[in-house]
Amino acid sequence: MILSIKNISLYYGKAMALDNVSIEIEDGSVVTMIGANGAGKSTVLRALSGLVKINSGEIWFSGKRIDGTSPTNIVKMGIVHVPEGRRLFPALSVMSNLELGASLRKDKAGIKKDMNEIFEHFPRLLERRNQSAGTLSGGEQQMVAIARGLMAKPKLLLLDEPSLGLSPIMVDELVPIIKNINQTGVSVLLVEQNIGLALRVATKGYALQVGKVVMQGDIELFKSSDIVKRAYLGD
Amino acid sequence: MTKKGFPFLLAAIMLAAILALTSLPGCSSKTTTATTTTTSASAQPIKTYTIGLCAELTGFLGAYNTATVNEAQIAVDMVNENGGIMVGGQNYLLKLVVEDGKSTLDGTTAAANKLIFSDNVKFILGPDAYFNSAVSGLCEQNKIMHIGGYCTMQPGELDSTTTYSFLGQGASINYFTGVLAYLKANYPNVKKVALTMPDDGSIPYFGKAVQQMVQDAGYTVAGSIIGYDNNAVDFSPYAAKVMATQADAVIACSGVVLPNGSILKNMRDAGSNMLFVVCNSVIPSDYVKVAGTKESTGVVDCSACYIGAPDPSPILQEMITRYIRSIGGTGALVTLEYANPVWELAQLFNKANSFDPAVVKTTFENMSSIETFYGTGTISGLKTFGIKHAVSYQLPITTIDNGVPTFKQWEPALVP
Amino acid sequence: MAESTILLIVATIVNALVLSSMYILLALGFTFLFNIMGILNFAHGVIYMIGAYICFYMATVVGINQWLALLISVAVVGLFGIFMERFIFRPFFGNINSIIVVCIGLITVLVNAVAISQPYNVQVTPAFVQGILKVGIVSLSWQRIVFFLIGVSLLILVLLFINKTKQGLQMRAVAQDLEGAILQGINVHFVSALACVIACALAATAGSLMGSYLSLTPYMGNDIMIKVLEILVLGGIGSINGVLFAGLIVGTLDAVLPIWLSGTATQAIMMLIIIVILLFKPQGLFGKEVRA
C-alpha cells in the first residue's frame, strides 16, 4: 500500500465532514472516489495534503505516518494535490506556473528536462507557455494544473474533479492523460462526479455519502451497481 | 481552536498598554476642585484659589506647550512659597488647573468651556499661537478675565471688542521691534528680506502687520510672505522658495521649531548662507536638534527664550534653578509665555484686592507697568491692537553659529 | 528665464525625485504585505519611525558612522519583521479586525515609548553625505542626490528580486493564490517572513535616510503613512506599478504644490486631485478587481 487512510474523522467547527473514513491505495494503481456534492471528497484530499487537520484516525504514506505533517513536507514526500478549481496563479505565465510546481526541487537540469517532457505531452501548453494562465481556456487551465502537479515529481497524485467545467470532448482527452501519468509509475487518487471518466481510468473505487464510505471495491463492482447507475448515469 | 485564546490575550495586553499610556501625566486634564480646602494645622487657615490655564498639551504644539505649562506651574509654586496672595485680608495659595486644547481651534474652545463651566474658574491664562481667538470671545461673554500667551492679530484675539482679554507676555508682534533694531545695528548689509510664516490664517493680519513693520524699518520685502503648512512632511519646497528670492536675510516670523528648523536645514544643505532670523518662541538650542550642528549657523534669534544672560534678575534666577531641579535641562527656558501671566495675575490680585474679574481687569488697565521674569514690563498696545491690554518687556537676542547659541544682549521691545 | 525661476525649478525637480523615491520604498513594502498576507499593516509608519530612531541613536548617541548605523537599523528592523510575522500576523491570519486592533496597539505603544524616552521632540540625524554640487547658479545638496540614487537602486533591486528570482516568483504565487501556493509545497510562512523582512528593511532604510533628510519626531510615521495611503488609493491597492506611478505623482505634487500654494491649501488640493482621478478610475490607476 502506498497510502492507507485509517478511520479518519474530521469536523469543520461542530459539523462533521468525515466520519470514520478508511481508504487504501495500492502502489501504482488508479483509485477513484465518487460522491455527491458535499459528500466530503475534497475534504479527504485536503486532509491528505495537510490543508486541514483530522480530528481522529491515522494517515500512512509509504510506511510513514503523515497526519500532522506540514503541507510542504507532504509535497516533499511525494503527495501532490491538484485542487478543485485548479488554483492556478492567473497573472503568471504557463512556464512560471510549471516552475512553481517544482518549488521544492533543487535539480535545475531535471526540472528543465521534465518541463520539456511535459510540453511534448501537452503541445498546446508549449504554444502558450508565455501566456498568463488566467487567460487560458478551461481545458488548457486544467492541463496546466495537472502539469504543474507533475512538475513536483509526485509518487501519488491527487486529482480533484479535473473534469469540472470541461466539454465532453475535453473530458475524453483526460482519459489518456491520466493513464499515461499512471504508466510512469505514479499512483493516482481521482475524485470525480463524472462517473464515466472515473470508471474508465480507475481500477478500484470508493463511494462517499455525507462523510461516510458507503461502497468500496473493484471498479467492476461499481460498473454493475444499481445505485451508481441510478445516481450518476441517469438510467 | 485552542489558538483562539492567544489573539484575545494579545489584544487585551495591547489595550491595557494603550490605556496605561494615555493616562500618563500630560495627556489629559489635571483634576480640580473649585475652591477651598483648608490646611488644619496652621492657626490662620490658608485657602486655595483656582485659576485656569488653557494650553495645547497635545498636537503640533504639544511638546512646546508641555514645557511652557511646566514653567507656569513653577511660577505658581514660587508665588505660593512666597506666601501666596492676599485678598480681602485672607491669605490664598494659587492652584492651577490645566485643560488641553489639542492644538486645534475646536479643542481649544472645548477646553475654555470646560474651564469656565466645569472647573468654574474666573481667570484664564493662555493659550498659545492663534488659539486665543477661541477663548477671547467666550471670556468676553462670560466676563472671565483672560491673559493670553500669544497673539497673531486675527479678529477676535485681542482688539477693542475683547475687553476682558490681555496679552500677558511680550510676544509675537513685539519680537519685531527688538529684532529689527538689532539687525539695523549689527547687519548693515541686509537690505532685502524674505518673510516666512505658518499659513494658519494669520498671514492677512499678523503677516500684514509684520510686513508693514519691516518696510517701516527701511527694508525691502522680497516677494510676498512665504506661507507654509505646519503639517507638511517635507519643508524643502519652502526652503527652495526662500532661496529663490535671493534675499539678504529671511525672517521666520512665527511658527514652531519643526518647520523653521527644517527650512534652515534645507537652505544650508543646499549651500545657501542667507542670514536666518527667527522671531518665534523656540529655545535656540532646539534649532540645532532639528537642523543639525553644522547647518545651524548664521542664525539670529529674537524670542522670549532665555539662554543665559550674565545678569538674570533674582526671580528669573529662581525660575531657572527650579526648572533645572524639577524638569532638568541646562537652564534654557522656553518662553515663560504662561509663567509671566501667572506672575502678573498674582500681582493683580494683591493690588486689586479682589477676585472679581471686572475689578481686576480695571486695575490692570489703569497700571502702566508690572513686574515680569524679564524685568519691568510696560502695559501698552493701543496703536497695535486698538486696546491698551498688552504687556511688553525686554527680550533676549541670541545668535547661533556652528550649532552653538550665544546670548548677545537684551533688546527693548515695546509694542506701540 | 529669471535666475530665481531656474533655481526654483531645479530644486523642485530634485525634491520631487527624492520624496517620490522614499514614498515608493514605503508604499512598496506596504503593498508586499497586503499582497502576500492580505494584511493592511497600518503600523508600517511606526516601523519607519523606529528605523529612523535606531539609525539616529547609533549615529549620535553611540557615535558610529552613519552608514553603519543605517545598516544596523535595517538589520534590527528586518529582524523585527520576522517577529511581526510570527507573533502578530500569523496568529491573527485572516482576522482583519484583530490585525487593525493590534496595529493600533503597536502604533500607540511604539510612538509613546519613543515620545517618552526622547528628551527632544524633534531631532535630526547628521548628514550622511557632506557637500554641495554647484552647477552655475544652481547649488544642490549631494546628500539629496545620493538619497535619490539609493532609493532608485533599492527599487530596482526589489523589482529584480520579485521578477527574476525563485523566491520572488514564490512571493508572487502566494500573492495570487495562497492555497495554490501551499499545494506546491511553498513554505508560506517563510515567504511571508521574507516579505515582512523586506518591507521592514525598506521602511528602516527610508526612515534612516529621512531622519537626516527631514528630521525625527515620534509622529513622523503617522505623517508618512498618510502619504502611503494616498499612494495606495491612487495607484490601486495591491498594484506594484500603481505604487511606482502614484508614488511619483504624490511625491511630485508634494514638491510642486507648495511652490504655488501657501500652506494648508496644499493638502486640500492634493486630496482634490486624488478624488478627481478616482472619479474616473475608482479602482485607482492600476487597480484590479479586489480578491474575494
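The chains carry the letters A, B and C, assigned in the order they are written, with residues numbered from 1 in each.
Convention: a contact is a pair of C-beta atoms (placed from the backbone, for glycine too) under 8 Å apart; a residue touches a chain by one contact, two chains touch by 3 or more.
Predicted model only: the values in this text are computed from it and were never measured.
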Chain located farthest away, centre of chain B as origin (C-alpha): A
Chain closest to the assembly centre - both centres taken as Cα means: C
Inter-centroid spacing, chain C versus chain B (mean Cα positions, whole Å): 35
Separation of chain A from chain C, taking each centre as the mean of its C-alpha atoms, in whole Å: 43
Rounded Å distance between chain A and chain B, as computed from the means of their C-alpha atoms: 75
Sites on chain C touched by chain B in the complex: 3-5, 7-8, 11-12, 15, 19, 87-88, 91-92, 95, 98, 101-102, 104-106, 108-109, 112, 116, 119-124, 126-127, 132, 134, 139-141, 143-144, 213-215, 217, 223-224, 227, 254-259, 262-267
Residues of chain C touching chain A in the complex: 166, 169-170, 172-173, 176-177, 179-187
In the complex, chain B residues that touch chain C: 3, 6-7, 10-11, 14-15, 17-18, 21-22, 24, 62-64, 198-200, 203, 225-241, 243-246, 257-258, 261-262, 265, 269-272, 286, 289-295, 328
Residue ranges of chain A touching chain C (in the complex, touch as defined): 49, 51, 71-72, 74-76, 80-83, 86-92, 96, 99-101, 103-104, 148, 152
